[in-house]
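Residue numbering begins at 1 within each chain, and the chains themselves are lettered A, B, C and D in the order written.
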Amino acid sequence: MAHKRLKFLGVAAAVLMLAMACGGSNGGGGNTKQYKIGLVTDIGGLNDKSFNHLAFVGLEKAKADFGIKDDVIESHNGSEYVPNLTNFASKSYDLVIGVGFLMQEAVGTVSTQFPNIHFAIIDGAGTDAKGNDLKHTNVQSLYFKEQDAGAMVGVMAGWLEKNGKSKKPQHVIGAVGGVSIPPVNHYIAGYKWAAKMEDPGIQVQVGYSNDFTDPAKCKTVAKAQIDQKSDIEFQVAGGCGLGVLQQAGQSGVYSIGVDADQKDADPSVIASALKKVDVATYTAIQNVVKGQFSSGALTFSIANDGAGYALDNLTLPAELKAELDKVQKQIHDGTLTPPADIPA
Amino acid sequence: MPPIARRLAGGLAMPLGSVVLAFVIGAVIVAVTGGNPLDAYSGLLCGGLGIACSQGENPALQVSTTIVYVIPLITTGVAVALPFRAGLFNIGAEGQLLAGMMACTAIGVKFSDLPSPILLPMVLLGGMAAGAVWAGVPGILKATVGAHEVVTTIMLNYVAQWLLRYLIIGGPLQLAPGTSKSLTIGPGAWLARVLPNDNSLVIFGLPAGVFRVHTGLLLALVAAAAFAFLLWRTSLGYEIRAVGQSQRAARYAGVSVARTIIVTMLIAGAFAGLAGAIQIAGVDHNLTDIYFSDTTGFDAIAVALLGLGSAVGIVLAAILFGALHAGGSVMQADAGISGSLVFVLQALILFSIAANFIGQIRRLIPGLGRPAALPPEMPPAAPMMTEAAVPPVEP
Amino acid sequence: MTVLTDILHLLFTANLWQATLAAAVLLLLPALGGVVSERSGVVNIAMEGMMLTGAFFGVVADLAWHNVWAATGVAILAGGMMASIHAVVSIQFRADQIVSGIAINIFAGGLTVFLVNRIYGLQDVGHLGQSDLLPNLNIPGLEQIPFFGKVLFQQNVVVYAALVLLFLTHIVLFRTRLGLRIRAVGEHPQAADTAGINVFMLRYGAVITSGLFSGLAGAFLAIGISNTFVPGMTDGRGYIALAAMIFGKWTPFGAFIACLIFGLGEAIYANNSIIHVSPYLLSMLPYLLTLIVLAGLVGRSTPPAADGLPYVPGSE
Amino acid sequence: MSESSPLAVDMRGITKQFPGVLANNHVDFSVRHGEIHALVGENGAGKSTLMNILYGLIHPDSGEIVIDGKTVHITGPRDAIGLGIGMVHQHFMLIPVFSVGENIMLGREPVTGPDFYDHSHARAAIADLTKSYGLALDPDARMGDLPVGLQQRAEIVKVLYRGANILILDEPTGVLTPQETKELFVVLRDLVKSGKTIIFISHKLKEVLEISDRITVMRRGKVVGHLTTRETNEEEIATLMVGREVLLRVDKKPAQPGAVAMKVEDLTASSDRSVPALKGVSFDLRYGEILGIAGVEGNGQSELMEVLAGTRRATGGRVVLADRDITTMDANTERDAGVAFIPEDRRGTGLVLGFSIAENSILGRERTATFSWHEFVLRLVAIRNWAMRLVKDYDIRTPSIDVAARNLSGGNQQKVIVAREMGSNPKVLLAAQPTRGVDIGAIEFIHRQIVKERDAGAAVLLVSAELDEVRSLSDRIAVMYEGKIVSIEPPDTPEERLGLLMTGGGARAGAA
């Protein structure tokens, strides 16, 4: 994705012109029923450079394809989740999408109150306060096997280390997570597991920035890991993690992006672990538009091309490419199953 | 009656005018960036107060949502306003609120089997006690070694935030590995809702469960009343105000400044802690990761300032800010304008009040009459936190 | 106990101190700004907002022009613009300076997100290439010094700039005529006014300077440390800087020491992949440390006598 | 010095309106070259406003200023300084944490290099000035550490350093000892000899008569008299100032001293800067008498009063109140024991300026049973009735008891304190500077109240910097010098002797 959209003379002009471009009204649909889709972001907001953003990308694509009416509410703090979901539900939207693990309980609550409204939730299920899936018939859970994506980039990292093809190969790699929550840890689990599979002697440093928005925080964590001899850094921390990629670039080591293809973020990015939230969002909308809504879990993984990896700023040796293809096939076939919990 | 009416009108002119002025400037910002201010504000109005809803919003639901936001704002607003009266700047209401939440949850989980008449007071008092401790430390440090309360309360905010994360991720309150929430507090600790939490019941065209207004509203209003009573009708309140206006005069008159500072912070912390406990007992019933991003205690600073430090003002300001908060979401959904505009509006309101733009405008336009004369040595903003802006002791 | 030995071991690595200094500088710049502003008698708790604004406009400009120096200039000016709002409201209109500062912070937080939404639509803010960033600069020769070379002479260009500003601020405040006048205005504006010193102008200058410093910190954050704008990316640093300034008793070097403590906390925390304790408890460390130091060692801190008091000519 | 015009300063038709007050009402004011011109009037008469206008701190609404024959526009102190006008303010414009040199140089600092403050040049410049005018000062001392006399000297040097030809001195003698005042007058006469013109603001008529050549009297924003000093007298000036005949002496019956109310034994205490301020003070205070303490300010009087009132901790010695040792009692307990205290700093410590009269009337007594239930809930009706009684009994001029103390005149503010402290019928009344900065009308009233209190049997301890006040009110006079009581004298002791004692002169003789 190119980000060179802005070629204006000055900042003010940019503000004005783009703002006007955005000010247009929603496109109308045809004579058939226009579906109303509501998207509620978590506190990361739309510009989180992570799954909220990707969910919106999926929403936009669906809008282009199906002429739906799409509305978005960005949550500014956690206590807004329930009211924001309720807002769309009470207006009889055809599908209300909650983005993010943090919204599980809120989706559980609101979906109980509106059994006739369809809900979808990214990275989670509608749960009760104890975290149990309520298994409502009006809730579709969009899960991701982040560990699949993590495993693919883990293979790359492990192979590069084992074969001495990384920048400063010393059999040490690192991962920087945002907060220690399941979606983050799944990635890291697959990464560590696969790296060890490739290079059994490898040491995988796992650190957390405790933050999803502040690149400086992740950058210091990444730097500490690089100082401890890590030379491939995997970021799993949204906007904060951009600091990881940049530190890798500055320290002359490789880095791996997360969620979306982050090759533009820094030249050091050799690959990105993909979690196709856009695909999931699009699929959920498509199901509703086509009258095929189904409750329960929809898991996106390598098996259904809902997770994977992107090759970025590195030309891979043929052997590595072959290894990647082999592992991908094995995961696809179910002969290899990356773990969801970080192995010891 | 007329003098009271006049005083009320005089007292309301500045804040109301400031709000209007902020909205006018906000409209300009929206228009300049290519949005439609009318759409934006009708979204705000609908979301905040349930008025003029154009896209099928349920007015009762919007009002209910706003009230749920207003409840903690009132109580934490008091927690900021009271120390203001003593000349202390409590930036730590957020940390005290979180402390209240943590204590409430810990007690509610630990003693989950106790019946409501015992457990509910326990969690509320526990929350107050924890908030009091969280505010008491800065109070004691201020009174004894003179450590600046702005620094200490900011530090304790961070400590509370990290403690919260620790408790529910890997710490003793964590529900289960891999989760970031606590166990649910016992039903005996729940504050009743105003409408039954029964989704089979349809009220105002929606299942009753969506109306989350809870009886914590009464507690918040009682807290505001208690604040007013404490401040204006008790010797302690008198001493708090005396210390705030002139520590030296208070000291010469025999008031123990150190004790007053500590007691003030303890009470303020108890209010903030109560807000946290009410939130858990009334809304969430468990401590979850949604409070990583909580800003109630910071919004409370704005509420206390806009409310000019009086109980009625705080309630009105909390309603305004709660309505803006709720309205921002609806505005974004309906008009596609980022809910962040709400923060811009809040800031503009604060600027306008602090700088007394309304007073300046009135002075420029002679027809509007002279604002109340201030003695030359008093800056226009000075009365904000002093008696001048607040009705004096009632006879 | 292994946690302690881990930390002890870390304390003897140059890497830790290199990271400490970089993290400290991010706080030092706004803290220095705060020192200048408050020495002139204007309480400034708006460094957070000024920094955020600087970060945002720095990125916007850098994306548009691909010239990091011009973008840094824009960031600095943007911080200055925010500061001038604070100056007008609190000096001209004599508003409560704390209220004005809080309003600036809320304003900056809201406005930047609002504008991100408006400018970039719902796309991400773009990334900047390495060449569009404030560069790291190793000082030839000096960087070879064992330990200190790494800590002091392998840093971002802004780190050097900040250290220069640290000395400069100290010298200007305590050695020059300008500094004497700034402090006079902050201690006793009437005395300064009767001595023929323009109180308003100096206060404006000092407040705007604090914005310029904070804007530079924003640039460092957004187009030095990272390469894009993320809403809310300042993450409370302005408030920590405020604490550092008070902790440092309103002196540049005192603030610097406080910033180093926070920076050290951040740097130690960054090693949480090898320190085995809850990262959340580890995160509390610098804040608890500050409280303990305030309680036991530093004690009473006295601000400039007229700090926070609007000046009304002719009053006493 | 151009002598083309006979007038150094000619202000014509100056008018300045503040919200609610017409501070200057068409004021004409002229000063001749080389004279000492006194500007007199009660507090609030508009003297300071007029001088602040001349110095550019306040801008007049209308009127014209002519300096040396030229009409000028003074927009700020810089303009005034440029015109050779310098002002020594009543409240010193000095920065305590700066050095003497920095204070003097401020605004016209010598610099070296790009902008570095030049210490050596500053020292040299100050040495020059002190030599030519005989005003010795240490440029490196910290200003806050100097006694007030030297601080004032620094202010004068500061003005001279700016090349002032016209010096405005606002109430310069208020804080000085008689000896220091004499020295100041010598300096002023020298300055006039070297061609300077001096405007001398005061309400002390004796000093005005002693030092000035001509006098302008102001009352309520207007000029009410232009006098030539040689042709007038104290009574005439006082009448003009107040607008009616005033009683300058206090009428009182001889004292009827009773039992010892308060016994002070070998009391010691430290000042705010932790320097010993009281070095063993002993005296007895009896019911039905007024014991006046004379002394130059800063010799421990303030600390003595604070220790007795319970707001400062004693480091040694004893205070006994009718057999009760009250040495370590806090202010609150002392109040309950019947000790009332009128503190010297009315605006800083006596009143909470933002509080209403009603609220101020119970300051320090808010937890007594009279004003609150169970020491907690205020009895609002009782408080209002009490405040209304005080307003009536003590003639406090205010539209209502809800008016903030800030908005009262200085005299009425002081009356609120006096009323509060006397209204509770204290056994012992500690009165520190009870009439400082108060107009003559209020002084008279307060003096009568103090005597009334004595006649009702209370023991009164009076501290005042005004020797006249001490002499006219007291039944006995204790002289304090350097933290000790050096002598106790009868009330008719000549002023000269008291002055000598106050400056340590007589003490050596007495101790020997």
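To be clear about the criterion, a contact is a pair of C-beta atoms (placed from the backbone, for glycine too) under 8 Å apart; a residue touches a chain by one contact, two chains touch by 3 or more.
Keep in mind the model is a prediction, meaning the values are calculated, not measured.
Trainee: Suppose chain centres are the mean of their C-alpha atoms. Which chain sits farthest from chain A?
Mentor: Relative to chain A, the chain whose C-alpha centre sits farthest away is D.
Trainee: Just the number, please: Cα centre separation of chain A and chain C in whole Å.
Mentor: The answer is 33 Å.
Trainee: Roughly how far is chain B from chain C, going centre to centre by Cα mean, in whole Å?
Mentor: That pair's centroid distance is 29 Å.
Trainee: What is the distance in Å between the mean C-alpha positions of chain A and chain D?
Mentor: 74
Trainee: Provide the C-alpha centroid distance between chain C and chain D, rounded to the nearest whole angstrom.
Mentor: That gives a centre separation of 45 Å.
Trainee: Listing for chain C: what residues touch at least two other chains?
Mentor: 113, 115, 117-118, 280, 283, 314, 316
Trainee: Can you list every residue of chain A that touches 2 or more other chains, as numbers and ranges?
Mentor: 15, 19, 21-22, 72, 180, 210, in rising order.
Trainee: I need the residues of chain B touching at least two other chains; which ones are they?
Mentor: Only 33-35, 162, 165, 169-170, 338, 340, 376 qualify.
Trainee: Thinking of each chain as a vertex joined to the chains it touches, would you call that graph a line, ring, star, complete, or other?
Mentor: other
Trainee: What are all the touching pairs of chains?
Mentor: Final set of chain pairs in contact is A-B, A-C, B-C, B-D, C-D.
Trainee: Write out the stretch or stretches of chain B touching chain C in their complex.
Mentor: Contacts found on chain B: 29, 33-35, 89, 91, 137, 141, 145-148, 150-152, 154-156, 158-159, 162-163, 165-166, 169-171, 301-302, 305, 338, 340-348, 350-351, 353-357, 360, 376-377, 379-382, 384-385.
Trainee: Quick one: in the complex, what on chain C touches chain D?
Mentor: Per the touch definition, chain C meets chain D at residues 172, 175-181, 183-184, 187-188, 190-198, 305, 313-314, 316.
Trainee: Going by the contact rule set out above, which residues of chain C touch chain A in the complex?
Mentor: 13, 15-16, 19, 22-23, 26, 57, 60-61, 63-64, 74, 113, 115-127, 129-130, 133, 136, 221, 225-228, 230-235, 266-267, 269-274, 279-280, 283
Trainee: Would you tell me which residues of chain A are touching chain C in their complex?
Mentor: Touching chain C from chain A are residues 3-11, 14-15, 18-19, 21-22, 45-49, 53, 56, 60, 72, 174, 180, 205-208, 210-211, 213-217, 219-221, 223-225, 227-228, 239-240, 242-243, 246, 249-250, 264-267.
Trainee: Provide the residue numbers of chain B that touch chain D in the complex, in ascending order.
Mentor: By the definition above, chain B touches chain D via 233-236, 238-239, 241-242, 245-246, 248-256, 373-376, 378, 386-388, 392-395.
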